[in-house]
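Structure record follows, encoded as structure tokens.
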Amino acid sequence: MTILVTGFEPFDGETVNPALEAARRLHGMSLGGHQVTALELPCVFGASIARLQQAMAELQPDIVVCIGQAGGVPCLEVERVAINVDDARIPDNAGRQPIDEPVIAGGPAAYFSGLPIKSIVAALTAAGIPAAVSQTAGTYVCNHIFYGLSHLVATHHPHVRGGFIHIPYLPEQAARHAGAASMALDTVIAGLKIVLQTTVAVTKDAKLQGGQTH
Amino acid sequence: MTILVTGFEPFDGETVNPALEAARRLHGMSLGGHQVTALELPCVFGASIARLQQAMAELQPDIVVCIGQAGGVPCLEVERVAINVDDARIPDNAGRQPIDEPVIAGGPAAYFSGLPIKSIVAALTAAGIPAAVSQTAGTYVCNHIFYGLSHLVATHHPHVRGGFIHIPYLPEQAARHAGAASMALDTVIAGLKIVLQTTVAVTKDAKLQGGQTH
Amino acid sequence: MTILVTGFEPFDGETVNPALEAARRLHGMSLGGHQVTALELPCVFGASIARLQQAMAELQPDIVVCIGQAGGVPCLEVERVAINVDDARIPDNAGRQPIDEPVIAGGPAAYFSGLPIKSIVAALTAAGIPAAVSQTAGTYVCNHIFYGLSHLVATHHPHVRGGFIHIPYLPEQAARHAGAASMALDTVIAGLKIVLQTTVAVTKDAKLQGGQTH
Amino acid sequence: MTILVTGFEPFDGETVNPALEAARRLHGMSLGGHQVTALELPCVFGASIARLQQAMAELQPDIVVCIGQAGGVPCLEVERVAINVDDARIPDNAGRQPIDEPVIAGGPAAYFSGLPIKSIVAALTAAGIPAAVSQTAGTYVCNHIFYGLSHLVATHHPHVRGGFIHIPYLPEQAARHAGAASMALDTVIAGLKIVLQTTVAVTKDAKLQGGQTH
């Protein structure tokens, strides 16, 4: 199988994006015989989806995992659902700040992840890597690409399994944000390998609790 | 217009549910000439939607606002989206604990709120009542009824505007949960009146930022 | 007995200070025959202690409870200990921002509260008012007055029992601070009455757990 | 100079204590010609101080840094002050759970750290390691040994400079505690080396803001 992982360029005043660092480190790896290709995405509404669409057309991957920075979270967050709305708290890297616009006009309200999210969280925590299911990917460029990916799968790549993982700040980022949690890049890489290996291995997700009361 | 507000019975070991207390206090009120009726819902998957369906058939309301307790949150959370999944961290009041089952088999992945959520948050904070847009209503009975309500609107009550509001613990509940925020019932009631009045008054929501980066 | 309660003027850009609002509402009350007098303090290093010293000399109170705003906390925090250091994150209302200066040069490193802090927290939570022991009053003007009060007691008013209570934002303040908890003024007042009544009634504090592992 | 670092055995149901793991990794290192010796301490009131007292008598160290686990915190916390109270939320490893007992009967209310805490935090964050000054070390065995160490310095080892550092969970611990932050052991080790090097190098602490308003 061919695996595509994506990471965004830095945004929100950061000089590094742990998602991009992680994607670069995964690039070229072979996981159980499955080749990993990394793609850098602009942190820009619209252009990020266009870039992903082009890469998927060229590479024809079997699995696509988009990765994004979630500044402040303490663990790998395996996203459950992408929603069809852009509502930007800060401008994107092209200066656009949409409010309550659809990611894809006429698209469904949401898509659920195509990854085995419960199996992934179980494999991560069993391996000693902090992880949780997340019920929202926000309404910024991360949710945007997650929705865009899901829509591409639904409309053009029906055999692709895809989803989104949020990751913490690196320690050097958290050192400048009082009270923010972080995760070492080596831990993130180890975790993302498990994400990919579990996605390769598990086609029917486990029935494991991963919900929240509110 | 006729307004229906719903609140759940107590759950998760609590002896009181602030949503039900609030709904009872709103029952019978006239807001600008619009009558408010309150409905108690069982904190039970399935049965809660059945009870709501019956009440909507009888009352034929114009506006339906479901209210639920979000233990620990500091403010009124105006929910943006309901998703088609039940994933229960704790059993409901009938002892059922579904994992990754759809609320409505064959329903769309999600519904967006029918309330003017940005206008509501703006009106609440202008009135000095802490409030925010929330991007997830969880995966428990609160999200369940929000999705069920939205599906009833989409399939049987096209003229109804409906949505969901999460509210904090009451102080007397928070006194038994170390570190939990709370809100006085009078403040909650004042806030919910503003929610209803804004819903009556605003049919086209304002374009105001209310998103999150993750 | 004569009871003195103090509250600070607004600081940090706020137009109201819940501690001062609460003190004003308590002023003139008789609690079990014990008269309450309120005193407004400037939010200024040094001048606040001078003002308190003058008031204690004039009023000769038996009990002194200083009250301060702790923006963001969810409950009444009954402070355990005052430390002999000023380390200001923001300037005080006179523009001074001391770093690592003693409150009282030559004073002891700390003073423990003279209030029955465990009995107070027990009485508050029994009454349904969220409360906890706090192990730090910070290093700003609140800790400053708490230390100054304790030093006045130790050096000039040996029969006075005194301490410090931190209180949350009012709802109207929290409405402007995303994610901040709050407490209604009526709940704060009800809580502070219990603080004072318990202080009058209990001279030997109860042995109740109120600590933290870190 | 001779440097002594201490770490506690696991407690609170954990099978590992990151403080002990870190101390073991530092044992035998030479930092700029200064030898580091590690000491394991029982997580027991009283016995931990006795063990430290014995080791200090034997080793006659110039610098003593005690390290402890602060489950849930996101960064290295450089403790400012130790207070003379034991108030245990959970029993220690010998089953004792003191409430409001002095660490040292007749000792002063508190001791300030003998480490250059501001310089340490500045050096850590400059090196990209998340760190902050903490105004409370709690009231459990960590604060107990910090106070005990400070009292030994004050009464028997006037030339020793000593203090306390709280460190986060390891990732493998946080994987079992939903929502808890963590730090990789390599990052912790890198940070503790900076703590020791800064302590060796800096005898007069920098005037840098590190306080809190409450």
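For reference, chains read A, B, C and D in written order, and residue numbers begin at 1 within each chain.
Simple rule for what comes next: a contact is a pair of C-beta atoms (placed from the backbone, for glycine too) under 8 Å apart; a residue touches a chain by one contact, two chains touch by 3 or more.
Since we're looking at a predicted model, the values are computed, not measured.
J.: Same or different: do the copies chain A and chain B touch each other through matching residue numbers, with over half of them shared?
T.: same
J.: Averaging each chain's C-alpha atoms to get its centre, pick out the one most distant from chain D.
T.: B
J.: In whole angstrom, what separates the CA-based centres of chain A and chain C?
T.: 47
J.: Based only on mean CA positions, could you tell me how far chain A sits from chain B in angstrom?
T.: 30
J.: So the centre of each chain is just the mean of its C-alpha atoms; given that, what is the distance between chain B and chain C in Å?
T.: A distance of 38 Å separates the two centres.
J.: Could you list the positions in chain D whose residues touch two or more of the other chains?
T.: In chain D, no residue touches at least two other chains, as defined above.
J.: Which word fits the touch map of the chains here: line, ring, star, complete or other?
T.: Ring.
J.: Mind listing each pair of touching chains for me?
T.: By the stated definition, chains touch in these pairs: A-B, A-D, B-C, C-D.
J.: Considering only the defined contacts, which chain C positions touch chain D in the complex?
T.: Interface residues on the chain C side: 12, 68-71, 73, 77, 80-81, 83, 85-90, 97, 99-100, 108-112, 118, 135-140, 142, 166, 205, 207-214.
J.: Using the touch definition from the top, list the residues of chain C that touch chain B in their complex.
T.: Answer in residue numbers: 74-75, 124-125, 127-132, 171-172, 174-176, 178-184, 186-187.
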